[in-house]
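Heads up, there are several structures right after this.
Look for chain A in each of the two complexes below; its partner is chain B in the first and chain C in the second.
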Partner chain A sequence: MSDKASGEGIGQPVRRKEDFRFITGNGHYTDDINRTGQTWACFLRSPHAHARIRSIDTSAAEAAPGVVAVFTGKHVADDELGGLICGWTVTSKDGTPMKVGAHPILALDTVRYVGDHVAMVVAETLADARAAAELIDVDYEALSAAVALSTCQNEKTAQVHPEAPRNTCFEWELGNKAETEAAFARADRVVKLDLTNNRLIPNAMEPRAAIGEFDKGSGIYTLHTTSQNPHVARLVLSAFVGVAPEHKLRVIAPDVGGGFGSKIFIYAEETACVWAAAKVGRPIKWTGDRSEAFLSDAHGRDHLSHAELALDSEGKFLGLRVKTIANLGAYLSTFSAAVPTYLYGTLLSGQYDLPAIHVEVDGVYTHTAPVDAYRGAGRPEATYLVERMVETAAREIGMDPAELRRRNYIRTFPHQTPVIMNYDAGDYEASLDAAMKAIDYAGFPARKSEAASRGKLRGIGMSSYIEACGLAPSAAVGSLGAGVGLWESAEVRVNPTGNVEVMTGSHSHGQGHETTFAQLVASRLGIPMEQVEIVHGDTDKVQFGMGTYGSRSGAVGMSAIVKALDKIEAKAKKIAAHLMEAAVEDITFENGTFTVQGTDKSLAWAELSLAAYTAHGFPSGEIEPGLKEGAFYDPTNFTFPAGCHICEVEIDPDTGITKIAKFVAVDDFGTVINPLIVEGQVHGGIAQGVGQALLEHGVYDAESGQLITGSYMDYCMPRADDLPSFTLGFTKTESPSNPLGMKGCGEAGAIASPPAVINAITDALGIRDIEMPATPARVWSALQAAAPRAAAE
Partner chain B sequence: MSVVSMTVNGKPASADVEARTLLVQFIRDELGLTGTHVGCDTSQCGACVVHVDGRAVKSCTMLAAQAEGAEVLTIEGLAKNGDLHPMQAAFREHHGLQCGFCTPGMIMTAVDMIRRKPDLDEETVREELDGNICRCTGYHNIVKAILAASQEMR
Partner chain C sequence: MYQFHYERPKTLADAEALLGKADDPKILAGGQTLIPTLKQRLAMPSDVIDIGGIKELDFIRAEGDAIMIGAGTRHATVAQSADVQKHNPALAALAGGIGDPAVRHMGTLGGSIANNDPAADYPAACLGLDAKIHTTKRLIEADEFFKGMFETALQDGEIIKEVTFPHPEKAAFMKFRNPASRYAMVGVFVSKGPWGVRVAVTGAGQNGVFRVAEMEEALAKNWSPDAVAGINLPAKGLNADLHGTAEYRAHLITVMAKRAVAAAG
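== the complex of A and B ==
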């Protein structure tokens, strides 16, 4: 391999190809795009959490300057457009399917959360559209709202959907109840904890945006939108909503400024823009502002749980039982039903040999914004619960938390958990050891005393996490209720001059696929990375794809590329054999050169590429001209990234302010293509997890259902001075479930870090629990409650 | 409507705009310089930071009319003669960006930071970044890039 090639090879920290356009201001995000004749949309949103719409008078708005059209739910209904769907069906323990309330594009007679979509004004300018929206007269009959998750599962509370009595969408269970009860019956000790997983608001920095267009001549609709999975958006918009047939709808997700799950989903705004574009005969653009993002992007987390862990006298885990109430918001979003069930209950074994688990989850509607996948999606909730329980158990039995974990780690693979997952590879003790070494665990008591001498409370907390990524084997998810398969596609097009275009169904919105995918292709074909172009995010260019979420693009998306490259190599060898008059079996391909084994005959990649297209003298019927291959890769199993994060905090007892003194993350992601990018993913994930633990909380007023944290003035985003620099380490066991041995790295930080932070805070304060986010007020109050007399002195 | 004129990235720029037009709208919509982004509506996120007469300013917080006659520098004007500014190069070298949306504001803020405080340390950089939000990087590599660029520019 040449120096250049090895410098760009797998495992090298190659600087990103995509950076040049972003650091020079030449990116193309949806809002940067403008179309000829474009109009602007503004959505009138519900000011009520729950209200009946008696009437809507749009006449003044229609007559306002610059207004092109005003649409309400009646227009949508008249067009017989379908509603937005949830692509995953969860079945309750009594065998009944989940109870789904209708989710119209624009509200028809009822609004169900503050921010719900009531009308769309299309006008010549954004200012005109906004001014006209103010003139729409909606006669609301305000109704009481179901807001507090803990109290809304009864007939007396306001009902969100008539289809779902007691606001209960499903009552799901997983695991073995009888075995779990038996485990608790013989337990020497039972540890119990009530846990809240706080509601988060995703806040990708680019707000959602859309431009809908309709070409009268061809009947083709085009939608530019901020999507993590444009093909899934097209499928839903055509097959379920019925905007246009699939072959008459092109969806383009250009540069997308972060997603974290929130841009997986198919929302009302983009749907309305593309649908109405045909009605007004002009392109319609909508760019959400941050306030709209807070109100109507799908939120994340929001669980209330009671958990019990059974142990024997030696500290060996015998069983875990969990009861969780999961907030779904007012409507089911695209994958919302899967998040608190199959992405949550299935991970409750953690890294531990836990012979019996039983989990019950009630999915509950409330008059709040829909709740769906947010970075980690179900797995942070599971990890938080398990790692808080383990830490609490260690303290209650007086054992070092590391030692309790060691006693219970799974050590042989494959390991079948009681909750579906079959872990294929891992070495949990290796990451624990590495993390303890990196943070100098043994030196903690000295650091604690030193902090005490300065009047500060120092604490340490760890989190041994596991996640299921590489979503996912299609047959497995199909059997669990998914309406889609979760394979990925790739197409490798070799041009006559030897450079290569790779069409991938994965979508990059910050992950750096243009670099890592090109590293893989370049190293395999022995050509420089600059000769590889990664193409994604356009349904006209890429035939189909499932998009990017669930840390799947490496393990699944790149595996599809490997499969397509295998086919390219096989065909190229056939051509090489013909050109060099040798048998195919005698052709080797290395460093971009085809050689007839044992001879000095060889062909360079570029020569072969050209020959594939000149096709002179190819034996007819045996070799087709051209060099282009596609592949669909369906994983054989989930992948199981795992590791250990340890956090050390220092708390000022006078102010309750928590400072993260040290944060160590040791992760096992299997094969790493580009360590620079992987480290960046971990940093970002930790920041979001620390945000959840210390700062962020989506809060609704319990009575009115108004979103109290509706701006950056109220919702506390992590800023640079809230965080330290992080210390990272890696261990490696390759995943046997995909050709590259990759596991996925995108969500680990957000999954692992919240329990590490809270374990450290509770350690510092000497208390059993504190609710996230552990704000200075909460920490200070906890200190007062723990030692009221000391505080008074 | 009134004509507003200023110098943007070294070139004269003027447009007939409504009085309420924000500087960021002038830059994006009138001049088509879309590298400057809008990430919030409360002047908190800093995605829209540009330089006005050499000082970092959130361009969503200023009317275009207030920049009448000013020298405005946006991310598009930072590289000179095809050479990246050391701050741009440092962001690439240290992987200080992921989705790229906050990046122009981060870079413009960082350039101004070094102008004001040539001797930067990590704590100062973190404090100074208070007005710029990034959701992707956890700031780790942004801080690293700014410290590296401050060495480079010394």
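== the complex of A and C ==
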């Protein structure tokens, strides 16, 4: 391998190819794209959490300057367009399917959350569209709203959908109830905790945007949209909404500025833009502003849970039972039913040999924005619950939390948990040991007393997390209610000059695929990375793909590329054998050169590529011209990234301000392609996790259902000075379930860090629990509540 | 943004004349509040009179025992002024801690106090330093200027020209920032000077900036952090929201006052 190639190979910290275009303003985000004859859309949104629409008068808006058209729910209904769907069906414990309320593109007679879509104005300019939207006269009959999660299942609470009595979409369970009861019956100790997993609002840097177009000549619709999975968007828009047949709809997700889950889903805005483009005969562009993002992007988390952990006298876990109420918001979003069920309940075994688990989850509707997957999606909620329980148990039995974890770690693999997952590889103690060493766990008492001498309260907390990534074996998810398979596709096109285009169904919106995927291909073919182009995000270029989420692009997307490369190599060897007049079995391929074993006969990659296309003298019928191969890869199992994060905080008791003094993350992601990018993913994930633990909270007024945290004035995003320098470490057990041994790294930080932070804060304060986000005000209040108790003790 | 008529006069006299003619004008200074408000379509003025180009409003002069600062002077200019740093370092530090660099390079002293945002920093400096506010019509004492949330003694057509800050003997500003907006949730300006002792609080009060007589009296007797440490203020009249209760803000006033006195030396 050449020096350059080895510097770009698997495991090398190659700087991101795509960054130069992003930081020089040469990216092509949806809002950067403008089409000839383009019009602008503005959506009129509901000011009420719950109201009946008595009438809508659009006449003044239609007459306003620059207005091209005004659409309401009636137009959508007249066109018999389907509603937005949830692609995963969850079945309740009584055997009935989840209760799904209709989710029209534009509200027909009822609005169900502040920000719900009421009408779309299409105009010559954005200013015209906005001005006209204000002229639409909607006669609302305001109704009481179901907002608080704790009361939304009461008989007297307002109903979100007539289909779902007591606002209950499903009552799901997982695990073995009888065995769990038996475990609790013989327990020496039971630890109980009520936990809140706070609602988060995603806040990708680029707001959602769309441009819908219709070509009258060909009858083809084109949608540019900020999507993490353009093919799934096309499938839903054609098969379920019915905008256009699949072959007459092209969906392009160009450069996308962050998603974190919120851009997986198919929303009303892009649907309306592409549908209405044919009606007005001109392209329609919509770019959401930040206020619209707060109101209408799918939110994340929002659970209330009661958990109980049974232990024997030695601290061995016997059983876990959990009851969770999960907020789904006003409508089911694309994957929302799966998040608090199969992405949550299945991870409640954590890293532990927990023989009996029973979890019940009520998925409930409220008059708030839809809640769906957000970085981690279910797994942060599971990890938070398990790791808060373990830490609390350790404190209650007076055992070091690390020791309690050691006593319960799973040590042999494969390990079948009581909640579906079959863990295939891991070494949990290795990450715990490495993390404890990195943070100098033994030196903590000295640091605590030094902090006390400065009047500060220092605490330490850990989190031994596991996640199920590499979503996912199609048969497995199909049996659990998924409406799609979760394989991935790839196509490798070798050009006559030897450079390569790789079409992938994965979608990059910050992950750096153009770099990591190129590293894989370049090192495999022995060519420089600059000769590899990664193509994604366009249904006309890539045949099909399931997109990027669930830390799947490495484990699943790259595995598909490996499979396609295997086929490329096989075909290339066949051509090489023919050209060098040797047997295929005697051809070796290394460092970009085909060699006849035991001879000095060889062919360079570029020579072979050209020969593949000149095809002179190929034996007819035996070797087809060209060098292009595709593959679909379906994983055999989930992957199980795991590790240990330890957080040390210092609290100012006068103000309640928590400062993160140290943060160590040791992760086992299996094979790492590019450590620079992986570290960046971990940094970003921890920032979001710390954000959840200390800062971020999506809050609705419990009576009116107005979003209180509708801007950065009240919704607190983490900033650089909220975070310390992270100390990162890696351990490695390869995943046996994919050819590269990868596990996925995109969500780990967000999954692992919240319980580490809260465990550290509760340790510092000497209290059992504090609700996230642990704001200065909450910490101070907790100290005030604890002070009289401490004085009395 | 709704449509409006825009003017950018070169002199104060022209600005006054334009204000007199307009139906429902708004003065645009640094625009750090007005522009976002316009963009969100929360204001619909007939005219926007941009006074950002009036050179006579942009100055800092140290004369005798006071510093005169033109109303159009940007926060960053005040923060970096050698005169302000020498004679009134607490004021320089306060200006250097407003918002973020973008805000500090656009926002102006006059704009801040004319808007009188209940969480703005400059009102605390004006009240805490016994400042004199000179307008196109008169001189207004800081004690008379701030009338409540977003309310001042300014009349229609009246433009702030400059603010006179007498030199303090000792002064400091301590701010507890709202975690989200980073505005002052509680900001306390303490000073000692020819006017005696002043303690001005911004961010916490429902009616904007206010003085704390109990702390001023205690500090007049004994200028030390301990003098205010034991003072528990009532929560009545203080803001309460998802970022903290009124009791928490009352407590923070004491903590910030204590720290400000310590910092003032």
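Quick notes
FYI, the second predicted complex is superposed on the first by the 787 of 793 C-alpha atoms of A that agree within 3 Å, B and C clash if a C-alpha of one lies under 4 Å from a C-alpha of the other, contacts with A are read in each partner's own complex, and residues count from 1 in each chain.
Basically, contacts are C-beta pairs under 8 Å (C-beta built on N, C-alpha and C of every residue); 3 or more make two chains touch, one makes a residue touch a chain.
Every value quoted in this text rests on a predicted model; they were computed, and no experiment measured them.
In the superposition on chain A, A:S291 contacts both chain B and chain C. Using the contact criterion defined above for the overlaid structures, shared-chain residue A:D109 touches neither chain B nor chain C, since it reaches no partner.
In the superposition on chain A, contact of A:D139 is made with neither chain B nor chain C. Contacts of A:S781 after superposition: chain C is touched, whereas chain B is not reached. Of the two partner chains placed by the overlay, only chain B lies in contact with A:D19; chain C stays clear of it.
More residues of chain A lie in touch with B than with the remaining chain of the pair chain B and chain C.
In the superposition on chain A, A:I708 makes contact with chain C only, not with chain B.
In the three-chain superposition model, chain A touches both chain B and chain C at residues 127, 291, 712-713, 717. Residues 18, 28, 33-42, 44-45, 47, 74-76, 78-79, 84, 88, 91-93, 95, 97-104, 107, 122-123, 125-127, 129-130, 132-144 of chain B are the ones touching chain A in the complex. If you check the complex, the residues on chain A that touch chain B are 15-16, 18-29, 31-32, 127, 203-207, 255-258, 260, 289-291, 509-512, 676-677, 679-680, 683-688, 711-713, 717-721, 723, 725-726, 749.
Those residues of chain A whose C-beta lies close enough to touch chain C in the complex are 127, 130-131, 134, 291, 654-656, 695, 697, 699, 708-709, 712-717, 775-777, 780-781. Chain C makes touch with chain A in their complex at residues 1-2, 40-41, 176, 179-181, 183, 241-245, 248, 251-252, 255.
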